[in-house]
Each structure stands twice: as C-alpha cells, then as structure tokens.
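Look for chain A in each of the two complexes below; its partner is chain B in the first and chain C in the second.
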Partner chain A sequence: MNTVKYNRLPRPTFRWMKVNELEIDSLREEAVQGMRPQERHEGDVSVTFYTGNRITDLGDFEGANTEALQQTLSDSSSGCAVEIGPHAQGVVWLTYTLTETAPQLTGQLKIKAGAGSHLQIFLDFEGGAEHGAVNLLDYIETEEQAVVKISKVQLHTQNVRHIEHRYAKAGEKSTIDYVTAELGAKTAIIYYKTDLTGTEAVFNSHSMYLGNNDQIFDFSYWVPTQGAATNTDILTTGALLDTSKKYFRGTIDFLRGGKKAVGSESDICILLSPNVHSISVPLLLCKEDDVVGNHASSAGQIDKDKLFYLMSRGFNEAGAQLIIVESNIRPVIDRLGDADLENKTLQAVREKMQFCQKKGDCHAKCTQRFPHLN
Partner chain B sequence: MGELLRVEGLKVAVEGKEILKGLDLQINAGETHVIMGSNGAGKSTLFNAVMGNPKYVVTAGKIYFEGRDITEEPVNERAKSGIFMAFQAPISVQGITVENFIRNAKGTITGQSQRIMPFRKKLRQQMDQLSMDRSYAERYVNDGFSGGERKKAEILQMCMLEPKLTMLDEIDSGLDVDAVRIVSETVAQYHNETNSILVITHHSEILQKLKPDFVHILINGKIVKTGDASLIQEIEANGYDAFKELAR
Partner chain C sequence: MADEKKAAKERETIDSFTDFGNMYNFKKKFSYSYKTEAGLTPDIVREISEKKHEPKWMLDFRLKSLDLFYKIEYPNWAPDISGLDMDNIVTYVRPNTHMKASWDDIPDDIKDTFDRLGIPEAEKTSLAGVGAQYDSEVVYHSIQDELVQQGVIYTDFDSALEKYEDIVKAHFMKLVPPTDHKFAALHGAVWSGGSYVYVPEGVDVSIPLQSYFRLNAPGAGQFEHTMIIVEKGAKVHFIEGCSAPKYNVANLHAGCVELFIGDDASLTYSTIENWSKNMYNLNTKRAIVGKNGTINWVTGSFGSHTSCLYPMSILQGEGAHCEFTGVTFAGKGQYLDTGSKVVHNAPHTTSNINSKSISKSGGVCIYRGSVIINPKAEGAKANVSCESLMLDEISQSDTIPAIIVKNDNIDLGHEAKIGRISDEAVFYLMSRGLSEDEARAMLVRGFVEPVSKALPLEYAVEMNNLINLELKGSLK
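Let's look at the complex of A and B:
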C-alpha cells in the first residue's frame, strides 16, 4: 500500500530519529458529498455556506500535507464563512456529522474578525459512520484587538481519518485561542500555523487527547513570531492506552523583529500501557535576541504517590487512575466554554476509561461528580 | 475499649533497605498515641505501612485492624475499613474540586451516595471551624494551596470521612501558631471514645490540646520506650540520645 506523509517539521532534524513527519497508509479516494454542518449562532455575526474555494491568501502555508491542502482548495464541497464586524460580539456553533451516507468531508472554514470584535466558535465533529475522512482547512484572520476563540470536540468513530489544516494570521493586539479535545478517529492529524505578525498578538492553543486501541494523534505547530511583544502558549496534554500513539511537534520560530516575544510550549502524556508511544519534539528557533522561550515535555506512567494518595481516600486503583487522567485533561476541558461540549467530552473520556458504558443523555451528571469508583 | 490497631513484629523495607525492624504497637478505640523519634527513625514508614503504600514492603510481621489481618489488603480497602492518613506533603490533584473529591471519597468509603445539600452544609461547617475560606471547596484539590492550607484540607477530609483511626503525619509542620491551635482543636473535637488518633510530631504545641494517652519513642526502626505524656518533656529537655542507647 502507498504511504503518505503528514505534519512535516518546518525545520527537519536527523532522519534516523524518525520524528520529522508522520508516515501512514494513504486512503483510497472516495467520492466527496456536499456536507452542510448544523449551525446556530448568537450575536452580530454572519454565517454563510458555499462550495468551491474562497481562501486565496495562504502564502507559503503547506498544511498537514500539500496534496490534502490542495484538495481543500480545489475540491471543497463544504465551505463555511464566519464574519464578524468591528467591535461586535458573536457565538457560532457548528456540528459536522459523518454518517453512512455522507462519511467524507472536504471543506473550508473561513473566519474573519473585525477590529475589536469578540468571536467564539464551537466545532463539534461526531457521527456514526463506520469509515470516513475529514479534510478541513480552517483559516482565521483577525484585525486589531480582535479575539477569536475556537473550541473543538472531535468524537468520530475509530475508522475515520481526521485531517485539519489550521492557518491563522493575527493582527496587532489580537488573540487567537484554540481549545481542542481529540478523542475520536483512527488517526487525527492537526497542523497549526499561526503567523504572529501584529505587535502584541497572542496565540494560545490548549489540546487534550485520550488514545486507545491503535489510535494516532498527531499535533504539529509552527508559530513564526514577527510582531514585537507577541505571546505564544501551547499545551497538549493527555493519556494513551493500549497501543495508541501521540506525536507532538511544536516549533516556535522567533523571527527577526519580534523583540520581547514570549513563547511557551509544553507536552504532557500519561502512559497507561507499556505498548503506547509518545513522541515529543518541542523546538525553539531564534533569530531575535530579546525573547523568552520555554519548552517542556513529560511522558511517564501514573504517578505512584498520587495513586497512593487517592487510594488512601477509598478509591480503587482503576478509579484513582481515572481521577489522575481526568485531572490531567480537565483544565483543557473546562476551557471549552460550552457546558454541553464539556459534558460530552467528559462522558467520552469515561467511556474510554471504561467507567461509563451508558449511551445517551447522561451528560448533565458527568460534570457534577465522578461516577462511583469503588 | 476495643482493640483497633495491632502491629506485631513488623519489619518494613523501602527499596531493599530495612527501615522498621520488628515493631509492636497496639491502639485501642478512644486512645491518642504519639510517635516521636529522630529523623529517619521510621515514623512515616510505620504510617505508610499501616496505610498499605506499595513502596513500603512488609517483610515480616502482621497488621491487624479491628482484629482482622489487613497486612495484604490494598490501600483502598484499608481506607474503607476506617483508616485515614493525613499526609506530611499532601498531593495536589487538578481537575477535581475539594467538595467533589471529598463527596466522592465519602460515597466510596461508605458505599452510599452523598446527598448534596446535607453534605455541603457539613462541609461548610467544618471549613468554618478550620478557618478555611469557603471558596476552597470549589478549588482543585490542594492545587495552589499553601503548605498550611494543604494541612487544613487534610483535617477537613478527616472530619468529613470520619475514620476510626486517624494517622497525622507531622500535621503541625509548616503551620503558624494560630493554625496549629485551630488544627489541634479540630482534631481534639473530632476525637471520641470510638475513634483513635496516632500522631507523629516534633513539637509539643499540638499535643497540648490532643492530650496523648501513650507516647512511643521510635529509634532505628523499633519502639524503644513507651510512656505517658511526661516523656514529651523528657525528650524536649534531653533529646533522643539517652533513648538511642536503648536501641543498641
């Protein structure tokens, strides 16, 4: 079978380390149907749907893979444009559902935020399609002092390949904030490039994942900081079960002119099985002398002292493990900002950790309390 | 008074090194015992072994709780039996609030789900008694807490979980004078004829309220002397040197 490479490091390192990119089997080409997400919105925001390409200003952005990116430009059948005017506020909910009759999605999400605006977008990927593929290009452009927050929950079934190319251009004093919960799909590949060109622009990305079976999560970041006094904060945190894998590639690129820039990236992974793989490549590249860069990476088994502490309060070992895993990812879930999505995510976590076999609407209870752990 | 804890000939090793070298101890319901000893004598090892910390390997001897051999029991089963250990360095657990954590622990230990309103009312009363700001109930467990706040949170857990045997591992370390008074008063108020307190401390302030029935001197992994509260003055006056002779 042919293979295809995704999420190549912007500045590759030694080949023998096998961390420069993700190489996996290519998927058979399937016909792509038009898919319109379920949508609702509040506030002074415009949401329109389109087919074809409306994103023309990508510069040298190559996405997770140039061919896959090209597909989103040439074959997009599901375009959504969200625009918010200067100083307006708005919230948009978009739900993409893969079904047996519509298991493929190739599309675009184009977001434009006017000066001083505040836009929150909730993205919910779900559905019961046995097999499927998502190939989505997100494009965000913010003007001065705009704030755009994208909260995403991905709960595909485990035979779906989810590819997202996330490109953003942050204007002066604007903020781009991603909060992401990746739980579904067989392979989830997320590629972020955010150009911090404006002075005091801010880029935040907080992601959580929980892998089981042979799932693969691949997060790749490239943040060139050209504006002065920009701020970058990247966190991925999660846990791996069975034979699942996680890759983290974070490159904060302090370019000339980006004085007083601050960038931090950290990757935390709890290894719940001896057969999991956690690869972490946090890179700080520096062409400017007056910057602060921090990176941290940790991968390890459950903290035995924490396990003992929790068990000394009556929780059994599996219950204590659930609490530790949840405690690791809960700060990200709590940032999603939508109670329904948070509850849905928590329920999915508990299902994966085998503490909840319930299907249906028991979400409300999940945030209230842990399930009985005795 | 019925027997609560009995430790017989207990030998415990940590990473292959023997720390407890044949320790005997009996605690009956309603009693307060104090373990004193120099650093590295094995005091915390005793607590960890009784609680069942897998890092502390019992190489010989037995631990009985209410007459039942618990030497091989997992930690959570001991907790359900009514053993509670207040940690010297409590661990922080992000993602679960203090209220949620204690309520679930209580439900797990008792096997009965806890109704929110009565539970919350009692939690608030206990927090007030410990001079803890009620907002701590909504914070993640020990996350960002000062040393003193963490110790108070341990006592709060004790009050809510209502164990039969409470082991306080240097609960007074890192506390200011007022906090020591508040903590010791709360423990004293909790203590009654049905439960027992076992305390490790290097300071006598906390013992003014707790009024120990027995004081044990632990040297080099063995209890070398047991006496009443007067032993504390003796140690404060002369240190442990005289007792080290007994260990030889």
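Let's look at the complex of A and C:
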C-alpha cells in the first residue's frame, strides 16, 4: 500500500521522532459525485453553488497535502460561495452528508466578507460510507473590520477520511474565528493557514476532539503574523480513548514588522486509556522583538482528586469521568453558537464515553441526570 | 583572619575570570609535532590510528564510521553549514608535547594559554582533577591522590584505551553509535583526545573535575571523546570548558560525550562553551541513567558560528531523573540551535527541562527539544519550560519542541514564552536609581539566574562576565 504525507510542519525537526508530518496509507478513490450540501441562511447573505474552481488566490498555500489540495482545485464537484456585503449580517447553515451512493466529497467553500460585516457559518458533517472521504478547501477573505465565525461539527462514521484545508486572509481589524468539534471519521486532518496581514487582525481557533477506537486527529496550524498588533489564540483540547491518536502541530510565526503582536497556543489532552498516543509540536518562530508569544501543552490522566470528590458525591466512576472530560471540552462546545449543534455534539461525546449505552435517548438521559451540564 | 584570607583568595580567583576581552581570543603561534593533511580519506584515518598505536578493532571501527559518514545525509531541519568544507579541515594536530602531570613540564606557549584561561589557578582552588587538551591531544592530566586511593580514575582517553581496553571497548560509542547522525559518524572516524572518568560504587567526589578543550590550530577540527562511568550510589560533578581563538577559516568541533550513570548514582555535567565565532560546533552528548539515578545538565552556550547541541538523557531505570538547565546567548553572525532530549523508558522517571535563550545583534537562537514518554514509563512526570529574550528587532528566536506521549499514566507540562525585556521592569529599576543600561543588564542577569545558580561560584562569575561582555553596547 502506498503512503501519503499530510500536515507537514513548516519548520521540521528531528526526523527520528516522526512528527514532521502524518504518514498514512493512501485512500482508494471512488467516483466523486456532485454533492450539494443542505443549506439555509438568514440575513443579508448570498449563497451560491458551483462546480469547477473559483479559488485562485492561494499564494504559496500548500494545504494538508499538495496533491489533495490540487484535487479540490481541479476536481471540485461541490463548490459553495458565501458572500456578505459591507456592514451586513448573516448566518448560514451547511450540512454535508456522506452516503453509500455519495461516499466521497471533493469541494470548495469560498467565503468573502465585506468591510464591517458579520458572518456566522455553521458546518455540519455527518454520515459515512466504506472508503468515505471528504476533501474540502475553505477559503476566507475578510475586509476591514469584518468578522467571520465558522462553527464546525464533524460526526462522520469511523470509515471516513476527513481532510480540510483552511486558508484565510485577514484584513485590517478583522476577525476570523473557528470553533471546531471533531468527533467522527477514522482520520480527521485539518490544516489551517491564516495570514494575519492586516493591522489588528485577529485569529481565534478553539477545537475539541474525543477519540476512541483507532481514530486519528491531526490538527496543524500555521499563522504568519505580518500585520501590526495582531492577536492569535489557538486552543486544542480533548480526550483520547482506546488506541486513538492526536497530533497537534501549531506554528505561530512572528514575522519582522509585525510589532505588538500577541500569540498563544495551547494543547490539552486527557489520556483515558493506556495505549493512546498524544503528540504535540507547538512552535513559536520569532523574528520580531516587540511581541509576546506563549505556548503551553499538557497531557495526563483525569485528576484523581477530582474523580474522588465527584464519586464521594454519589457519581459512579463513569459518570464522574464524563463530568471531568465534559468540563474540559465544554467551553469549546459552548462557543459553537447553535443549540442544535451543541446538543448533537454533547450527545456524541456522551455516547463515546459509553455513559449512555442506547443511542438516541442518550441525550435525554444525561440531561435528566446532569441538568447542570445542559 | 582565616576567613579574610579565604575571602581574599576567592576574590582573586573571581578576578582572574574578569578580563574577558582578552581571555579567550588570543592566538599562539601555530606549532605542532605532527598533523595530517586537510580532508578526510581512509588513509588519513589509518594514519591517525597508527600514530596512536591503537588496537585493530579501533581502526576497523574508525573505517566503518568513515564509510557511514560518506553515506549519511545531513538532516533537512538542521542549520546551514555550507561554510564548512571537510576537504579543508585538518582532523588531527598533535601539539609539541606529550601528556604531562605537571604544568612545569609543559611548553611555555601551551602553559601560557591555560594560565590565561585560569585553569592551573582553578585547579589549586576548586578542582579535584584537571584535564587539558590542546588541539587534538591531551597535554595535562591530574587528579588528587585521595581520589585515586578511593579507586577513582580520571585520565585522558588514549591512556584509558590502553589501560582499560575491555571497559572502553564495551562502552565506546554504544550510547552514541556512528549510525546516529553524520557527525557522530565523523567522530567515530577521527576522534582524538578527551577524558575518561570512572567513579567506583559509593564514592562521592565532592569537588568537581574539569576538562578544558582548547583548539589553537586554524582550519582544524577537534574531536575529543568523553566517557564517564558512575557506578551504583556514586556521585560526581564534571565541568567541561572549551574555547578557541578566532580565525578567518572555519574550524570544526564534533566531540562526543557518553555518560553511564548507575543505580542511585548522580552526575552533574556542566559546560561553559565559548568557542570562537568561526567554529562549527556539532557536538553530541548522551547519558543513560539507572534506577533512581540522576543526570543534571548545566549548560551555557555562548560561542561558535553555528551550533547543533542537544544533550540527551535516556531514563532507563525506574525512578531515574533528569534535570536540564541551559542558557544560550547568540550575537551577531551566530546561529545556535540547542536544546535537550529526554526519553522516559521506565516507570516513575522524571525530567525537568529549563531552557533560556537570548538573542541580539542579528543572532539566531533556536530551542529544539524532545520529550518521549514510552509505554513502559508508567507514572512518569515531565516538565519543560523555555523562555526566549529578544534584545533587538534584527535577531531571531525560535522554539521547536516536540512531545510524544505513549501511555496514559503520566503527567506532562510544557510552556514557552518569547518576548523582549519588559518596559515596566526597566522603568521600575530606573525609578530606583539605575541607568537604563544597568537596569537592562540586571534583568538579563536575572533571566539567566537559574543557570548561574547551578554552577560553582567561579563558573557562575565566568558566565555572568561573558554575558556582560556580550551585552556591552547592545542594550539600548
């Protein structure tokens, strides 16, 4: 079987550690069906669907993998353009569903936000198929003082490879805000590059994951800060069960001239099984002295004192574990901003933690038992 | 009265470390009793081995290593070393003397070199043993009789190979095999000089040992091999110093340090490195630590044009511990890629990495580290802290850590910070009567205090003076 490399570090390190990229078996390609996501929107926003390529201004962006990125440009069968004019407000919901008849998706999502606009996009990925795959390129361009927030929930079945290339260019005083819940797919590979070229541009990314079985989550960030007084905040938090693996590769690249920039990246991982792997490579590259850069990562089991306290209050061990894991990831889920997506995510978390055995009524039961979590 | 005398003596010792302007960058006439041709060929390797009257297994080892050097590629992540042309490097220079046990027997020019570096004076006041290497060979070695009587061995590596061949053969380049990387292979092929330390079970060497490496020859390489074996329950502090005068041609240092630390044993390995700014310092250091043993690295990296140095600790026995405290200071034209590697292989092992870096005048500091917690390391704890200080807007400071966790019963924390000297702190100190330069210098010294605190007094003074020298005129 041939292998493919994804999410290469912009500055590689020791080869023997095998952390410079993710190398996995290549995927069998299925005939790509044209797929139009379910869509609804509110406010003054335009949503159009297209085939072919409408993204031309990627610069030196290489995506998670150059070949996969090239496919989204040359073989896209599912293009969606979202545009919002100056000072307008809008909300868009897009649901991509994989099925046995449409097992693979290669597509584009092009977002353009006018000056002073406020755009919220909810992305919901669900379903699955044998050899299922998603290969999606997101392109975001924001003008002055625009705010674009993308909330994503990914709940594919565990036979899907989910790849997302996320490229954004942030204009002056604009904000790009990603909130991501990754729970599904066999392998989820997310590559972010955000060019903070504008003065006071802001990039926030808050991601949560919960891995079980042999799932792999690979988060890669590269944020070059060229503009003055930019702000970067990256948080990845989650838990691993069974033999699942998580990779975090974060690079905040303070370029010369980007004075007064502030950047921080955090990677927090709760280890719930003896055979999980947590790999963390948080880079700070700095060519500018007048900046503040921080990174932090931590990994470990559930704090036994917390567990003991909760069990002394009448929770069984599974319930106590669930509360602690949820308390870790809940701040990200709460930021999703859509009640349905938040509940759907919480239900998936509880199912994975095997607190509720019966799929379907899990949420109702948990809500009944832990009303304070709702 | 005795206290006053002691204080005066200490003051004198400290003062002897203060003339830094001339302390390292002075040249002696390049003289030698023998040297190989520049370049690297099997014949040159044979020549080195023959001159040293080595056993055949060592010659075979050298030739195999040379073969590996040709085959192994230089890594894609490492700094640019295009200014280093191996065809122009002389790999072996034998000075005009054999090893002596008295400074009086050493030729004047060499003795004067070490006098100016303060080594004989330090030997009298604060060291239990001294080794001094000049170019490719050790010229002086001594150890206190008291330690010899306790079974401690501290000698040059050539003597060790002759006298303790079986032990050397069993350990030589076993921790750092020539297959490890290109310059480990080079070391295996052309190593010369270095120190061998053996501390028997239960012996506590309370006063440090020091080896000093001086490279005087222009366009030459230094490839010393240091091996330290600390038996069960023993304890020792080893200090390594290195320097060279500056030339217009590239010099190369590709030494190798192998440390074997037994159960309940403890080794502190301190380095003050101040190679000249034409030096490519591609050094490899590695320790393996037994049950409840401790390796304590204290490192100050100031010199060289380009450095790749990542002391590695393999925590092999249950409860083994590693402590790394390092400071790197890169000035104009320097690219110092340094850090630390730790591998947790056994239960309840612990590690604590504390790294500081300062870059100024266009210097580049890279912290590159790794922590690996393997499946058997149940209950392991690791903590990594990296702090970088940028003193101007033309310098560069990068932090490249990598952490791999392969079992759930661990506790790992990592944090890093990059920034410049806080204006508020400068303002506060200035409001207390300090000038701006003094305030900034004080903050820089405070920044590196965890490292200087871990060094013996004389070396802490040396390090602080090096920092003062580096900072001169740069704090604006």
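Going forward, the second predicted complex is superposed on the first by the 354 of 374 C-alpha atoms of A that agree within 3 Å, B and C clash if a C-alpha of one lies under 4 Å from a C-alpha of the other, contacts with A are read in each partner's own complex, and residues count from 1 in each chain.
Keep this in mind: contacts are C-beta pairs under 8 Å (C-beta built on N, C-alpha and C of every residue); 3 or more make two chains touch, one makes a residue touch a chain.
Predicted model only: the values in this text are computed from it and were never measured.
Look at A:I84: by the touch rule set out above, it reaches neither chain B nor chain C.
Legend: residue contacts after superposition of the two complexes on their common chain; A:V292 is shown touching chain C, with no touch to chain B.
When both complexes are overlaid on chain A, the residue A:N328 reaches chain B alone and has no touch with chain C.
Using the contact criterion defined above for the overlaid structures, shared-chain residue A:A113 touches neither chain B nor chain C, since it reaches no partner. Judged by the touch definition given at the top, the superposed model places A:S280 against chain C, while chain B stays out of reach. Between chain B and chain C, more residues of chain A are touched by C. Looking at the shared chain after the overlay, A:Q301 reaches chain C, while chain B stays out of its contact range. Across the superposed pair, chain B and chain C touch chain A at no common residue. Every residue of chain A that touches chain B in the complex is listed here, in rising order: 303-306, 308-317, 319-320, 323-324, 326-331, 334, 368-370, 372-374. Per the touch definition, chain A reaches chain C in the complex via residues 11-15, 17, 19-20, 254, 256, 269, 271-301.
Residues 51-55, 74-76, 78-80, 84-85, 87, 90-91, 93-96, 100-101, 103-105, 107-109, 111, 113, 140, 157, 161 of chain B are the ones that touch chain A when the two sit in their complex. Residues of chain C that touch chain A in their complex: 75-77, 341, 368, 370, 372, 375, 388, 390-393, 395-420.
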